[in-house]
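Mind having a look at this structure? Questions to follow.
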Amino acid sequence: MTQDVQAMLQTHPQPQTLFDQGALAECIAACFDCAQTCTSCADACLGEQGHLTHLVHCIRLNLDCADVCGTTGRVLSRLTQPDQNVLRAQLQACVAACRACGDECERHARDMNMQHCAVCAESCRRCEQACQNLLGSVNA
Amino acid sequence: MTQDVQAMLQTHPQPQTLFDQGALAECIAACFDCAQTCTSCADACLGEQGHLTHLVHCIRLNLDCADVCGTTGRVLSRLTQPDQNVLRAQLQACVAACRACGDECERHARDMNMQHCAVCAESCRRCEQACQNLLGSVNA
Amino acid sequence: MTQDVQAMLQTHPQPQTLFDQGALAECIAACFDCAQTCTSCADACLGEQGHLTHLVHCIRLNLDCADVCGTTGRVLSRLTQPDQNVLRAQLQACVAACRACGDECERHARDMNMQHCAVCAESCRRCEQACQNLLGSVNA
Amino acid sequence: MTQDVQAMLQTHPQPQTLFDQGALAECIAACFDCAQTCTSCADACLGEQGHLTHLVHCIRLNLDCADVCGTTGRVLSRLTQPDQNVLRAQLQACVAACRACGDECERHARDMNMQHCAVCAESCRRCEQACQNLLGSVNA
């Protein structure tokens, strides 16, 4: 995905100056990737028949994180006349959602050997970090 | 819509204690309403043939606001084991998006007599206020 | 919500001629309403501690229906230069999602006395019917 | 992204039998990719100051396609107890949205030398084809 994101950034008529272009492409790709992984992890948890009651909190956080990352990826994909307050606040929401979901998934990967949670936790960490990288540019 | 939102809150097996139930129902309805109004206003601006170049910023903010409100409405609709950091951060993002979009729409309603922007500005103000009302409960 | 939807349709610079305006407003409102109700019902089912394993299919269909209705409501909210093939196909997807989810929720409302499923089933039926009403106009 | 999608499919507790796993992973990745590309192309068109009036139809189709692809990618990411009617209908809606948007973007890439439309058209074609590949499995 990152390749297409970069191609779209490079062909945009009004290149943005707010972010480092590589960091922006990485963050957009990480948001869409995390939206997919969390949607998938919520469903995988739902299919864990013997463990379902222990995974309720994980499913809830996965659903939140999928929605928040999807919206963040869309807001970041728009370069035309952005509003810095909106960008900053949505990036912060994405950091919060990825952290909560990443923590919970990491716990299940470790304690219950849930492999889908392990993949999802990594995706959440990557997205959280990519959002933090961008936040430096809009916090000043 | 508020009636259905309330019916869903009242029949939920794990009633939430974080928010006043009436304020929560109002905020969820305001978020979904604002997501619709902003989607519609972006499209109405796109159809303003003679004025399109003056409405670029408005369209962009409408699209952001539609996404952010949609996600906030979904996160708030989930009562099961919420994460307060995620709730707070997404509510703050919604306040920022509604304020930016409401300001821009209000300007076009006043200066260019855009009636769809007037309806949309009101919807943004209502949603911003409803989010602010809830934020008091999770900020402490 | 219907009142705001109608106000947006009436102030649009390029009023649509494809649909009866009242039927369109009703359908848009029904889509956003059903997206909310299904998001809420998935979460309510997730909170039904003793019955969770019997509600897995319902949760899955609720999540699909919330996404499909949300997208259908957005596509219908856009009046500017629509594509009839896209409108028709998305309306048909919405009918399918609402029917599957409505059937499942109705069963749980009846057999397990799940009140949130009863509210959700009604919302799905209303949305399915509203989409069917519009489909007549784009099928010819 | 495809790598993460595959990792999630492989670690799912209830592996699906409806689709070829490689074709499914490819289609999910193509849907999320196309949702990003179309969101980005709508914004790039919005930034084309001198050509804006010629790009109204393209922006509208981009917005529809972004929503439809996003929803299709989420529905396909869920393997637990799917409903074939919903899958088929949403895949058909995605084919219709990608075809309409791909055609329009292709025209602007050729006639107006819009490079972002060229990238987006390719993404739409890939997603349309990936959905067609899956439709064979659920049409019987």
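A, B, C and D label the chains in the order they appear, each numbered from 1.
Convention: a contact is a pair of C-beta atoms (placed from the backbone, for glycine too) under 8 Å apart; a residue touches a chain by one contact, two chains touch by 3 or more.
Every value quoted in this text rests on a predicted model; they were computed, and no experiment measured them.
Trainee: Does A-D or A-C have more contacting C-beta pairs?
Mentor: Top pair by contacting C-beta pairs is A-D.
Trainee: Using only the C-alpha atoms, find the rotation that maps chain B onto chain C and quote its angle between 0 and 180 degrees, to the nearest 5.
Mentor: An angle of 180 degrees brings one copy onto the other.
Trainee: Quick check on chain C against chain D: do more than half of the interface residue numbers occur in both copies, making it same, or fewer, making it different?
Mentor: Result for this pair: same.
Trainee: So the centre of each chain is just the mean of its C-alpha atoms; given that, what is the distance between chain A and chain D in Å?
Mentor: About 19 Å, centre to centre.
Trainee: Starting from the mean Cα coordinates of chain A and chain C, work out the distance between those two points in Å.
Mentor: A distance of 27 Å separates the two centres.
Trainee: Identify all positions of chain D at which a residue touches two or more other chains, and write them in rising order.
Mentor: Within chain D, residues 43, 46-47, 49, 56, 60, 63, 70, 74, 78, 80 contact more than one other chain.
Trainee: Going by the contact rule at the top, pick out the chain D residues touching chain A in the complex.
Mentor: Of all residues in chain D, those touching chain A are 1, 4-5, 7-9, 11-14, 28-29, 32-33, 35-37, 39-41, 43-44, 46-49, 66, 70, 73-74, 77-80, 115-116, 118-120, 123.
Trainee: Taking the complex as given, what residues does chain B use to touch chain D?
Mentor: Where chain B meets chain D, its residues are 42-43, 46-47, 49, 52-53, 56, 59-60, 63.
Trainee: Would you pull the chain B residues touching chain A in the complex into a rising list?
Mentor: These residues of chain B touch chain A: 56-57, 60-61, 63-64, 67-68, 70-71, 74-75, 78, 80-83, 85-86, 88-90, 92-93, 95-97, 99-100.
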